[in-house]
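One chain, chain A, links the two complexes that follow: it is found with chain B in the first and with chain C in the second.
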Partner chain A sequence: MNKAAKEKTINLLFILPAVALFSIFSLYPIIRTVQLSFYKWDGIATTMQFVGLLQYKDIIFHNPAFWKSMANAAYVTTLALTFQNGLALLLALLVSREIRGENIYRTIFFLPPVLSGIVVGLIWKWIYDGNYGILNHFLTGVGLSHFTNFAWLAEIKTSLTAVAVVHMWKGFGYGFIILLAGLQTIPKELYEAAKVDGADSWQQFKHITVPSMIPVFTVVAILTILGSMQIFDLLYSMTQGGPAGHTHVPITRIYQFMGNGEFGYSTAMSVIFGCLLLAVSFIQIEVSRRMNK
Partner chain B sequence: MNDARLKNNLVNILTHVILIVIALSCVFPVFWMFSSSLKTQEEIFTKMNLLPEHWNWANYAIAWMKADFGKYFLNSLIYTFAGVFGVVFISSLAAYGFARLEMWGKNIFFYLLISTLLIPIPGVFVPLYLLLKKMGLLDTRTGLILCYISGGLAFGIFLLRSFFEDLPKEIEEAARIDGASKFGVYWRIALPLARPALATLVIFNCLSIWNEFLLALVILQDTAKMPIQRGLMVFQGTHITDYPLLMAGLTIATIPVLIVYLLMQKHIIKGIASGALKG
Partner chain C sequence: MLRIVRLLIACALLVPFTSCSQNISRKADVVIWHWMTDRQAAFEKIAAQYEKETKVSVLFETYAPSEVYRDKVRAAATGKLLPEIFSTLGDKREVSSFINAGYIADLSADMQTGWKSHLFDKPLSQNTFPEGNEWKVKPGIYGVPIDVSAIMIYYNKDLFKQAGLDPKNPPQTWEAFLEAGRKLRAAGIQPFASGFSEGWLIGVFANSYAWNMLGEQGILDTIKGTIKYTDLRWLKVYQVFADMAKHDMFASGIATMVNKDAERTFATGKAAMALNGSWGVNVYFSMNPNLNYGVMMPPKMSLGEYPMRIFGGEGSSLNVNATSPNKDKAIAFLKWMTAKEQQIQLAQETKNIPSNQEAAGGLSDILKIFAQNIKNTFESLPVSESWQVNNVINTDMQAIIIGEKTIDQAAAEIQAEKMRQSGAK
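The block that comes next holds the complex of A and B.
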């Protein structure tokens, strides 16, 4: 073997473990998801029944529970896109004014994102507790006594919003860090020039900050959408889809159908859900590209 | 002039008031968890004091020994160490290979790898479950660890490849002439130079594997093998009203995260910001 060929073989050997692991545990499952979605299969029987697009048809036209779970995730996502990202932007703007204690604020705001979803969910479940939770104790203390014994997570009206609030509490620090980093890359000379031209802070925000930040807004929006639509740990630890199935999201439904042994059906759900997520990301990127022109 | 200064001061005060209120809301739930973990059952159901009357450190001994949190904690340590070691070793080896390999088509696989970072793949746990079942790895530590390693490869290779490509090849060539093997060059020269990137990789994988729940839920049934995130849900399901012990368990699960975060926060925050802005 000549030297170059030997080099090539060694390099390939270096790559081999990663290629093997990735192919078996990441690539193959993706292909398998699409394949299984055309079959009715309980995971045990030796033969799988080919049903074509039947399961897709059933999910799209005859499964209101799945669409309800999608609507729930969309509700959490909408709240996150507006309130969570609005808060993140406000805080980033405040901190970027070169104030004292910038590092301390940054450290504290990024604390919730590094905690585990299960830990955060269980702490807040305790805070929300109808009888012994500190939230109701606090609300009663400030005079809102009709919240005594109000079980936030067990009431159909409030449960999903209560989970969404925790989701936003856990997530805003992430957007904050990215937005702040984005703001700090805008050249200061732009603002100084605008000031010389007599622009007030609102005009500076509108004509300098917003246009320079559009790519960053897009990144934050996409991360928020993907993270919120695929919410699972928090929900699982706080409501497990309850009360009476009212807080189910797509991932909990997929998990549920898998648990019932409907492997083909649950993978068809995954494919539909995955395609919708991909479509949303593409639209986002396209829209921001047009706005940038 | 005085008016402008006054206005400026007011804006500054208002800024800090908003920031402090939000900061307190971030810290309070964590504080409340810790404070509740030191109270007695009775105190928790009858009083709302911010700090416990007596600091019942014994709760932690009970949580660690009798409520099995010690066992779950050690399992989490095993998964995190094995997972992080696997990700770092296998992805740095592959990234080095990619950076030095000259071959038609090598980028196809690379882009396939990277695309899984960008394309959302919800519900991939279903085929993973079936795969592990077929391989006889369901409900095993090996099965879970292999999933964690494979899940971290794309990010690891992406992060390290550009780093290795930027390393000057002259040092390596000199070492080869001196008789070092290819693996020797990777191990003794390339890897130590990549230390900053490796640190990022270690930190992010530590946090994500330690906090992971869904795969542990799908793959493991045996409580003896469960990591702490699953153990918390098991405890919560069976001892629904034992809040002090649950809070002690939550604190035990959080302390390693807090330590890593507080020691490495600059690294973490920089990594998040630059990663998102580049992508």
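The block that comes next holds the complex of A and C.
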């Protein structure tokens, strides 16, 4: 065996486990999901009925509940993109100023994201509870007696926002860490030069920080969009899609159909949802690329 | 050389996948998957006794919550990894899929040997597929009930007394029920809690009134499509929720309340009444052993032409894996488990109603009321409504509770879904 072939073999050896794992646990499920979406199958029967694009047609034109759930996910995503990332950026800017105990803040802010979604959901469900909730106890304590038995998760006006607040609380730590890492890569000389030229803090932020951070903002935005659109565990443990379906998101709908033996239909929903997420991510990358030019 | 290396890597990657298949059922002679976490200790005791008597090892494995269990069973079925005994935890349509795919054994022949005569008829009929059933299942008995349950309204006697109500005479009519709610609310007590976030419980309550207003034939005609969900009798069913909402009977957050929360709300005296199953006796005992309560039938509507019915019959049923080499051992164990002595033991330890009629003698007063009302549970129907229609009913009843929809709007939506599903078929 010559040297080049030997090197090629060794290289192959290194990537083979990763390729194998990726193929088994990612590629194959994706291909199988797309394949199943063309069949009517209850997940148990040994035979499947080929229905072509019929299920796609039904979802797109005759399933308003699915699109309503998409709108709910978009609402949560919009809140997360603005408030969650806004808070993450603010905290990252504060911590990047070489303050004392920087690592302690990092750890504290990164704690919520590493907690289990179901556990966080159940804890917050208790906080919001109309009968026992500490939130109502506090509000009543400060004189807002209207909230004595207010069920935050069972009211149409508050349920989705209440879940979104928890989602943002749980998620801002990711953005914080990434943004902080991004801020620390900006050369200090740029700020020093700007100061010499008489730029104030706002001008430094606008003309140095923001342009330098656009690639990082893109990553954070994409992760936020993907994470928020796919919200499931929090919602499932807090409202199960209620009241009256007002907090359903695409994943809970997909899960609902799958749980009721509509495997083919739910995989078609998954494919549509996956394609939409891909499209949003590509648009985001393209916009950021143009802004970066 | 390169080929040998590639071959070795491929073999190494395949080893874990080949070695894990088919091993799952060999942990014991009979492996049973179940979701009843509160009964694991009692089950283990029973299994140990059986092994001592017969030398056949039995292993109970718990997977919870029930949705996770259900998903696991489905996945195991498609992977041909089902244990000897399991339950689908689904409705008849789902069970029929398992049977038609060959995963569930027909126990009719074994039942004819005297086994059947010891068990309550109702839960057995729910495990039976009659001739000409809509799911095209070969007629037969496909499951073994291990206990019996019914869903009724629990009421807190102390809170009733506090509100000036007679705890010995709970409300029998719909009007008296609403009046009781008014008195409870006036005394600062939340009248009614239940896990209405879980679609099935709100559906159970609605169904009780559907049986009351339409009777069996009316329900069958609705499923067939000859009676519409906008029919006046159905409007009366939806009116139940509107009336209760109007009289402020629901506990805070009932529309997103899971049953575990509702059980806690009732057990801690935060609500005076709760719609719950007979398993609640065990749950309330574990939450508050001093809770002073009674049970009552959901009160009949004055316009209801038919007897009031409640959800119930089979509590938990188990199925035998038709493809297991230890199928006979599994059936033998289930026969032994549903025999009088074992059923008495399980009933005492788990505070449930046994499926063996001969073991129902020593029940507590509350469980006796449940057992007496097994005869009033819904009849097993040869057809079922689509899950999508049921889902719209459940969701729209929540919408009525929170004041989002009127009963006419809900009726129109349910009928529209019915038409949609009829067209889809």
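Rule of thumb we're sticking to: the second predicted complex is superposed on the first by the 264 of 293 C-alpha atoms of A that agree within 3 Å, B and C clash if a C-alpha of one lies under 4 Å from a C-alpha of the other, contacts with A are read in each partner's own complex, and residues count from 1 in each chain.
One rule holds for everything that comes next: a contact is a pair of C-beta atoms (placed from the backbone, for glycine too) under 8 Å apart; a residue touches a chain by one contact, two chains touch by 3 or more.
For clarity, every value in this text was computed on a predicted model and none was experimentally measured.
So in the superposed three-chain picture, is A:F66 touching just chain B, just chain C, both, or none of them (first/second/both/neither)?
In the superposition, A:F66 touches no partner, neither chain B nor chain C.
Just chain B (first), just chain C (second), both, or neither: which does A:G261 touch?
Second partner only, chain C.
After superposing on the shared chain, does chain C or chain B touch more chain A residues?
Chain A has more residues touched by B than by the other partner.
Between chain B and chain C, whom does A:P29 touch in the aligned arrangement: first, second, both, or neither?
First partner only.
Going by the contact rule set out at the top, does A:F217 touch chain B (first), chain C (second), both, or neither?
Neither partner.
For A:G43, using the defined touch cut-off, is the partner it touches chain B, chain C, both, or neither? Pick first, second, both or neither.
Once the two structures are laid over each other on A, A:G43 reaches both partners.
From the superposed pair, tell me which chain A residues show up as contacts to chain B and also as contacts to chain C.
13, 17, 43, 132
Sort out for me which residues of chain A touch chain B in the complex.
It is residues 7-8, 10-15, 17-19, 21-22, 24-30, 32-33, 36, 43, 87, 90-91, 94-95, 97, 99, 101, 104-112, 114-120, 122-124, 126-127, 132, 134, 137, 169, 173-174, 177-178, 180-182, 185, 216, 219-220, 223, 226, 230, 232-233, 236-237, 250-251, 254-255, 258, 263, 266-267, 269-270, 273-274, 277-278, 281 of chain A that touch chain B.
Can you tell me which positions in chain B touch chain A when the two form their complex?
12, 15-16, 18-19, 22-23, 25-27, 29-30, 32-33, 36, 44-45, 48, 90-91, 93-94, 96-98, 100-103, 109, 112-113, 116, 119-131, 133, 146-147, 149-151, 153-154, 157, 182-183, 186, 207, 210-211, 213-214, 217-218, 229, 232-233, 236, 243, 246-247, 250, 253-254, 257, 261-262, 265, 268-269, 272-274, 276-277, 279
Which of the residues in chain C come into contact with chain A in the complex?
Residues 1-2, 5, 9, 13, 67, 70-71, 74, 77-78, 90, 93-94, 97-98, 100-103, 190, 197-198, 251-258, 261, 265, 270, 387-388, 391, 395-396, 398-399, 401-402, 404-405, 420, 424.
Name, in rising order, each residue of chain A that touches chain C in their complex.
It is residues 1, 5, 9, 13, 16-17, 20, 42-46, 58, 62, 129-132, 149-151, 153-156, 159, 238-240, 242-245, 256, 259-261 of chain A that touch chain C.
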